[in-house]
Structures are given as C-alpha cells and as structure tokens.
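Consider the two complexes below, in which subunit A is the common component and subunit B and subunit C are the respective partners.
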Partner chain A sequence: MSLLREHWRKLALLIVGAGVAVVPLFVTGTDARYVLKVLSFVGINALIVLGLALLFGYAGQVSMGHAAFFGLGAYASAWVTKSLGLPWLVGLAAAVLLTAAAGILLALPSLRLKGHYLAMATLAFGEIMRIAFVEAKGVTGGPDGLSGIPYASIGPLSFDTPQMNYWLVWGVLVLAIWLAANIVNGRPGRSMRALHGSELGTMASGINITGIKVRVFTLSAVFAGVAGALYASVVGFVSPSTFSLHLSVILVAMAVLGGTRSLAGPLLAAVVLTLIPYADAILPGLSREVMTVIQEWEADVYGLVIIIVILFMPGGIAGALRGVFVRGGEAK
Partner chain B sequence: MSLLQVREVTRSFGGLIAVDRVSFDVHDGQIKAIIGPNGAGKSTLFNLLTCFDRPDSGSVLFEGRELFGERPDRVVRMGVARSFQNTQLFEEMTAHENVILGTHARSGSSFTPAALRLPSARKRDDLASQEADRLLRLVGLESWRGSLAADMPHGLRRLLEIARALATSPRLVLLDEPAAGLNTQETTALGEVLYRIRDHGATLVIVEHDMGLVMEVSDEIVVLDRGCKIAEGPPRLIQKDPAVIRAYLGEEDADEL
Partner chain C sequence: MGAPELLQFALAGLKNGSIYALVALGFTIVYASTGVINFAQGEFVMLGGMLSVWAHSTLGLPLPLAALIGILGTAVIGVVFELLAIRPRKDGDPLALIIITVGGSLLLSNLARHVFGPSERSLPAFTAGPSLRFLGATLERQSLWIFGLTALAVVVLTVFYSRTRLGRAMRACSINRTAARLVGVDPKRLVTISFALAAALGGLAGVVTTPLTQTAFNVGSSFGIKGFAAAILGGLGNPIAAVIGGLVLGLLESMSIAFLSSTYKDAISLVVLLLVLFIRPQGLLGRGGREKV
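Now for the complex of A and B:
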C-alpha cells in the first residue's frame, strides 16, 4: 500500500520535473527572454524559500535576514568571477563557504538562548550587511553595484542564454529539493518532528537540539547564498537595494503562507507570490496600467497575506490541505 | 567501584532547601529505589542527577566522570537515560518511531549522510528499526508497533517511554515514578520489565510511590524526607527503620502509607 503510494509519488514528481524541464522549448516569441528571466527569478526565490521552509516549518525558527545571505552569495560570486576572473564554480564555492560561515557565527550564539533571539539577530545582521554592501565600495561597487558579471559556466559548458540560465537555476533547485526532502524524511527530519512533539523527550533521546537548529539555519543560509550566486550570473548586475529588509519580509511571507512541516507548500507559495509583480509574463493580455497598480501594492499584498495566514490558517497552505485530508479520512 | 557516586548534592529554591547534602552510591547491576513522602525532594534530586536541573553545590560522578555542568542530551549520550513522571512521548509518531528516536543518541542525526542518502545512512536506519523492534518486544509492546503514542493507554505509554530510554543504550536508567497511575496487573508487568532490563546489563534507579513494587524489586532503598537522606539500606531494614516509620507516619504525612 505505502509502496504503491511511493511509486505514485515518484511518478508525479517525474512528470512535474519533466514539465519544468521542457518549459523553455515552448516559450517562444518576442517575450521569450522576459518570460524565461521571470521564471528564473521564480526558481531563485523558490531556492531561498526552500531553506526558510526547513528553518521555519521544521526547526520552528524565523530569519528576518535571508536577503543578506542572498546578497552575500551574490557579491561573493560576483567579486570572485568578475574582479578576480576566476571560474564560476570557484565563485559558487566562495558563496557557499561565506554564507555557511556567516550562518554558523550568527546561529551558534543566538540559538543557545531560548526564544526568538535568532529572529532578532538576523534582523540586525540584515541591516548591517545592507550598510556593508553600500560602504565596502572596493568589493561591492558601493551604491552603484557591480555590473558586467560573467555568465555561469562549468568547464566548456556556458550558461549564456535565457534558456540555459533557466535550466541552470531550475536544475540547482531540483537538486536542492532532493537534498531537503532527504533531510526531512531522514534522521534530522525525525529529530525535528520530535522537537515539535516534546522538547524534554527530545533531550531525553540524547538529541542535541541546539546543534540541529544551528545546522538547519546554516543550511538555509547556504541555500540563500547559492541563490545569490545564481542571481548574480543570471542578471549580470547586483546592487545593494535588492538585498533589503523588504525582500527578507517577502521571503518569510512565502514560507509562512506555504505552511509548516511541508516543502511543497512553501515552494508553491514562492512560485505564486514571485509571479504577482510579473503577472504580465504569464498573462500577456494585462495592460501596463494594471501592472503598475499591482507593483505599487505588492508590499501591501504580502503584508496582508502574512496577517490573514497567521489569523485564519496558522498551518499555511500545507496545514490547510492536511486538515482537509485528515477530516476527510475521519469522515469515512 | 560504584557506577554512580552522589556526593553532598544540594538544591534550594528561594528559602526552601529541596535537596540537602544528599549522598549515596549506586552499584553496577543494582536496582536502587528513592522513596519518601510528598515534597521530600525526590523529583528535584532526579532532575539534578540527569542534569535537567542545576544544583547549588555537590557532585555526581558517573563512571568516575562529573555529570554536573553537562547538557542533558550529553548526559544521555554518556550512558544515563531517564523517563518522566509526566510522560514526554512524541504523540504524533508511532510507538516504533518513538523508540527509534532513542537510537539517535548513539548514531546521531547527522545531515550529510541523510541528505545524500548514503548507504551508511540506510544501514543505520535498518539497524535502528531492528533495535526498536527488539526493545518493543522487551517491554511487551510489539503489538502496538504501528499505533500513535497519543492513542495508547496510560500504562503502556510508560512502558513505551522506558523502551525509548533503553534505545539510547544506557548503562544507567533512571525512572521517575514508573508505576504512577498503573493498576495492580500493570504494576506486576512493570516489575517484570524492570528485572528484564537489569538482566540485560543496565543498572536502575527508580523514584517510586508504590511501596509494594519498591519493596519487591529494589536491592537497596534511599529514603528522603524534607530534602535530607534519613535512611539507606535493603528493603527489610528500611521497613523497620524508626526514622522512616516516623517520616511516613508522622503528624503531617499520616495518610501516606
């Protein structure tokens, strides 16, 4: 029975994966560049939100500074590839190492304390990094940012078209989803579910609660850092205004709307909420005026989403769906 | 040499001294009971021994190593497992999964092997599953394997918590009132489980109210009253000890026995 369900699950994932892979083949016409770029942004945001889903939905912690990790990864890889002229993979490695180090340094002291110290620490970290991005002109280019960042490349393989960029971003995202799903379904995931059930019981099982939270936080910081490296090479330009508290809030909104103890929910929320300001990429009929209104009210929509979710469906999309299935199951 | 050496342990809350310079030894292979009237400091002492609480002063040596100052989860990994007076199970998980979590103490929750689904992770999961099944049989819960902890009757939940404690491969198991709320039949079954645990090589310390169970299973008894140790010895001597009788039948606590 469960084996059969497992097969269906795999089949469904395979179909979704194949669907995602062939999208660039069907996106043609004058808008193709724009649409593929928007879809790459969707993948990049989804990668960050995947990390936040592990942190918020499984480890029960909130980060208000993930835009800063995103920026750290973007600047690290931009600097290594553009200013130092090193290969893209070296830039990616720099992004991973830097964000991992920053994640551990931030999480270790704040997660040893009870309560929402991590949220506070990440909020401060985000502001400090935003200022650092502006002031460290020698590396970041200051308020003007860095432009002319080379495309991603792995050996002879160059990701220099919108199609290739799309495949790069979504390929990395699929890999990250696989890693995250394995963690959630494996021992670390079981420990985190235990933590939800009983903190005392978890300690009595010899599980280092702080250690697990620190590792989840570091992993989520690295996911954001990798997303940053992808962003830098896809857009070719980074500037400090991108990595603001505003973005951190949007990312948290996606994770909260997506729901707890789920990866699919937050991923879906990331896709939908990222597309709102780019609705014209999906619905070509939308006029410029409508788009202006949507983009002006974007932040308000996200704020409203957080309030509605917290008030009426604290489990988010995933929690609401679970509720429907559980109730349906009991009715039988 | 004794497995656990408790020396001059003291813990006070404000002006109240809950545990007052208590010392005793637990020897390898023993079942040792800690008894005393309500408010004697049993549970406080218990939380101190497992490092879920910090003492004002004193020392607890386990296999010659100081426990005080360690984190609770470290103490578990050093080989001291515990149960709780109010069971702390993972309600939304099955009995089998609850016990598997105990095995995490030995084999860790490391991310990398799990994330990459390395063969070592799979092998460890298989071993953990088998170990959990063995321990469910040991406490007689094999037929409840797939049930959620939340759906299990009270008495069996206590046994499940004991199985989870055993899954951490402890040398010393501390049980906080394992018979509380059990009926006579369940208490008898619990006694047999305690013997089985000892025969598997673990040493036991139980805090218990049920005098029948204590007198039957324990090799030695420590009696606490108002935070102080007032007697220590084998059950037959404890039953005749004038200080113990006074503590239990004295003015305030006449209804205890």
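Now for the complex of A and C:
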C-alpha cells in the first residue's frame, strides 16, 4: 500500500471518528435518551461483531455461542458491581478474565481438530450457559435477572447520562478496532491470511495454526465479554432471555454480511442490522405500523440475508466495496 | 428405587431416545453426502409436526393422511432447501454450507411462525385409549407408535442402503466421491436425495412426537441439538451408530432425572456433546484413525 493511500486512509478514519464522537451534541429533544441508547446498542453489537469478524473473516471459523460470552461478561460485571459493590473496573476485569478462560477452554480442544467442530462446541456451550443463567439463581437472579446494576464509573468519572454511556461504549469500540487492526495488519494477520491460501503451506512455514486460531477465538470471546459488561451498566438490567441462540445467529449474520478479511465491512453490517429493528430512532417519521411490520419480519430477513450473501456475494459488504474502489478485480 | 420405577424411567428414555435417533439419522445422512452438519435438521422435526397439525386441524383430513402429509411435505421442503440454498454453492466449502444451514434454520422457523401462527399445537394420539400397564410401569400407546415407526424407518433405511442401487451409490459416494463419479454416480443428485431422506426422517420424528409433547415454530433448535449430540455420541456418518447414540442419550437423560434432578435434564445432552467432541470426536462407535492431511 502506497504512502499516499495510507495518509488518505488515516484522514478518512479521523473524520469518521470525529463524526461519531460529536453525535451526542446534535442529538437533542424529547427522544434524545432513546436515540442515544439505541446508538449505544449499536456500538455494543459492533464490538461483538468485530471479534466475530476476526474469527470468521480471518481464521475461517464460526461461533454459534457468542451470545453466551456476551451474557457471561454481563452477569460477571453485574454481580461484581451490584452484589459485591466493587468498582466498575473490577467488574470489567472479571468479565474479561471469565470470558478469556471460557474461550481458551472451549477453543483448545475443538480447534485441535480439523473441520468445524468449534461451531458445534460453541453451540453446546451457548445452550449450557443459557441453562446456567436461569439456574444459578444466587448469582444471576434466575429467570427474573438482575436489576439496579450501577452505571459505569472510573474513579471520579461517572458514566451516568445517556451521552456519557454513548461515549463510553464508542470509546471502548474505537480502542478495540485499533487493537484488531494492529492484529490484522501485523504478524498474526499475515499468518491468518496465509491460512486462507494453504493451511498445509502455512504449517510448513513453521506457523502454529492452532495457536493462532485459539488466540483469535479467545480475543473474540473477550470482546463479547467486554460488550456484556458495557451492556449491563448501560441498561442497568440483565436477564437470561437476552443471551439466546437467536442472538448468536444474528451476530453471525452481521459478520457474514460484513464479509471476509475486513473489519470495516462487518462493522458497517453491525451498525445497519442493529438499527433495522430500531429504525424509528434515526427516522423519526416512521409510523408504528411500519415498525411492527419490520419487527415482525426481521428474523426472516436475517435468515434470508445469510443465505443470499453466502451464495451470491461471498465477500459480503467488504467484497462489494473492494469491487467498487479497486478497479480490475479484488485487492489482495 | 424399585424395579417398576426404574423400568418407567427406562421406557421414557427409550421413547425420547427413539426421537433423537431419527433426528441423528438425518444429521448422519446429510453429513455422509456433504461433509457438513445441517443446522436446519431440527427445523424438519418442527415442520413435520406443524404440517401434520395443519393438515389434520385446518384441512380436517384424517390422521393417517395428515401424518403422511407431514412427512412428505417436510421431505419436499428439504429438497427445495437443497436446490435453492445448498446446490448453488458449487465449491461445497463446508464453512459456507454450515452458515447457509444456520440461515436456513432461522428462515424456516420464522416462516413457520408466519404461516402456522405462534401458538403451541397438538395432534390426537394415533390410537385412542388408556395407557398400557407393563411389569408395573405405564406406557402411553403413542410410545408404541414411536418405537414401531422408528424401528420401521431403520429397517427401511438399512434395506435402502444395502439392497438398492441408489442406496449403494450413496454409500459409495460417502466413501470416495471421486471414485463414485468415475463409475457413473452423480454426487449432486445424491446430495438432493440425502436432504429428502433427512427431512423425511425429521418430519417423521415431528409427526410421532407431537401427540405427546405438542409442537410450535420454535421447537426445532432443541430437537436439532439433541439429535446432533446423539449423532456425535454414536459417531458421525454411521447410521447404526446414530441410532445407538440416540437411545443411549435418551436413557442417560431419563436416568439423570431418576437419580439426580430434572433441572439438568437438558444440560445432560449438551455436556455429553462437549465431552465427546473433546475426548472422542469420532464417537463411541467410530474408528479411531487420525485424519490425514
């Protein structure tokens, strides 16, 4: 990539970043609270999808259980901050440690095997956690969930307004994107790209494929765990019905629609697909009837999107954009 | 715990296990022809139940005809799904096909919600009458239908695989695709047929279990997970192993209720699934050979 293009890229990122940062200043009026909450959800989903994009687009694996890591992070931080009364950062650390441990324990045995055992193992893990969230009543509050979870705070800084919550979520997301971009553009990313070319050739070059896949999966689990901790403090309430197989599938749909070997594509897909059921937040003119129809057919559309994208545009949004911007075929 | 109670639990386990075996057979058949786990397999169970309820309650057809519509209708949906969503992906990349079946599962269950409604539905038992007494245990008449039809399906499938040209072609293709093509077998057609068979077996499971358990648009994924656990437990790709895996899983579940508590009944199959994946991925009956590069 030429130096000039690198400069343009940085400038574009800076503009997008600044635009995202000033959004709360322009969102005013009676709906501001709702709109900012929806935008915070967008950032939370984007954080999970970022991890799934690394896993799917670079490591060639799919997780059917990321809703469970999301839930694990949410319950861990909720329990630490609410029931133990410890600072938010301790709750966040608990979410990170728990999801990392669960991620490694799940990934090590299933990624050692050739093929797609990880998909099955994560599916089973997700269902086990769903049962655990309901049954471990002492920690999770059972089917009713936990309410009254305190807002996030770091020392004297308290994230107790919708604006502050928005900045917290999107700030963490930017950090995660920076981390992910470094991984993708650095040595691990090159190894993962080599995997797509030839798994055997990569192994022969002395690269530990299993090790890379395990690390990518664990990182994606931690991203989901951090998203869970953010979710718990933004919403103030967690209940087991949120962390369903359905959510896991929808998150996969976002990563798939976003496309392979890209971070921007999946992030864009997460933003768009998360906004669809809340379309009235950004398009205030939408009638209640239209919203009912959208929410009624949302899941069907997600299912259809997954099939159509994999069949007819396997590069997803990222592939389509590459086709537009890079004349004469796909950029490598 | 006395012998009659134990027998009672064993019968319940075998009843559920038979259903798991039918679903596991569906997984195994599609896996043998494509090398892919079909995440939509559980939806076939849901469709079998919903279609037969629709034929019986809405169209007012007699029960045997409604059951047949449930099974054949599901098989048709399986074929349509294969033709529209699996076949166009010509390279047969397993990751792509797995994700397609995930999308298919989401689509089928939600379309079912729109077509049949969101509520739970049921069918009358195939044979009316009080439960049977058997060595101190009771047995619903419907359970006999479940045992009988599962056994019939296994026999028909065995004959199909060993005696018919098509069945032998399918076995040849699962052993070595290229070699099968060289002797004139068309693998694409066999994939379609495997989806028809898998869907019909799932549909049968849905039809026979609906009188006992009811059905709804969202029951598919739990049947799918149980059936998949059974298929993995036995060893993927082997029909006999799938049946044994199903029965063993059903017995494990009901014994866990008998000796532990019913709270963790659903967790049993999940833990079994994870343990087998991690410790013995070739299944209880699978051969141990390591995969070659």
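Please note the rule applied: the second predicted complex is superposed on the first by the 321 of 332 C-alpha atoms of A that agree within 3 Å, B and C clash if a C-alpha of one lies under 4 Å from a C-alpha of the other, contacts with A are read in each partner's own complex, and residues count from 1 in each chain.
In this text, contacts are C-beta pairs under 8 Å (C-beta built on N, C-alpha and C of every residue); 3 or more make two chains touch, one makes a residue touch a chain.
Here the structure is a predicted model, which is why all the values come from computation and not from measurement.
Following the overlay on subunit A, a side-by-side fit with no clash is recorded for the pair subunit B and subunit C. Taking subunit B and subunit C in turn and counting the residues of subunit A each one touches, the greater count comes from C.
In the superposition on chain A, A:Ile183 contacts subunit B only, with no contact to subunit C. Applying the stated contact rule after C-alpha superposition, one finds that A:Gly19 touches neither subunit B nor subunit C. Contacts of A:Asn208 after superposition on the shared chain: subunit B is touched, whereas subunit C is not.
Contacts of A:Gly29 after superposition on the shared chain: neither subunit B nor subunit C is touched. Seen from the Cα centre of subunit A, subunit B and subunit C lie 80° apart once the structures are superposed, a value rounded to the nearest 10.
In the superposition on chain A, A:Leu200 contacts both subunit B and subunit C. Looking at the shared chain after the overlay, A:Tyr302 reaches subunit C, while subunit B stays out of its contact range. Shared-chain residue A:Ser191: touches subunit B; no touch with subunit C.
When both complexes are overlaid on chain A, the residue A:Gly155 reaches neither subunit B nor subunit C. Taking all C-alpha atoms of subunit B against all those of subunit C in the superposed arrangement, the shortest distance found is 8 Å. The interface of subunit A with subunit B overlaps its interface with subunit C at residues 200. Interface residues of subunit A facing subunit C in the complex, by the touch rule stated above, are 60-62, 64, 109-110, 113-117, 119-121, 123-125, 127-128, 131, 135, 200, 245-246, 249, 252-253, 256, 296-297, 299-300, 302-307, 310-312, 314.
By the touch criterion given at the top, residues 179-180, 182-183, 186-191, 193-194, 196-198, 200-209, 212, 215, 219 of subunit A touch subunit B in their complex. Interface residues of subunit C, counted against subunit A in their complex, comprise 37, 39, 85, 88-89, 94-96, 98-100, 102-108, 110-111, 114, 221, 225, 228-229, 232, 263-264, 266-267, 270-271, 273-274, 277-278, 281, 291, 293. Against subunit A, the residues of subunit B that register as touching in their complex are 50, 52, 71-74, 76-77, 81-84, 88-93, 97, 100-102, 104-111, 114-117, 121, 124-125, 164-165, 167-168.
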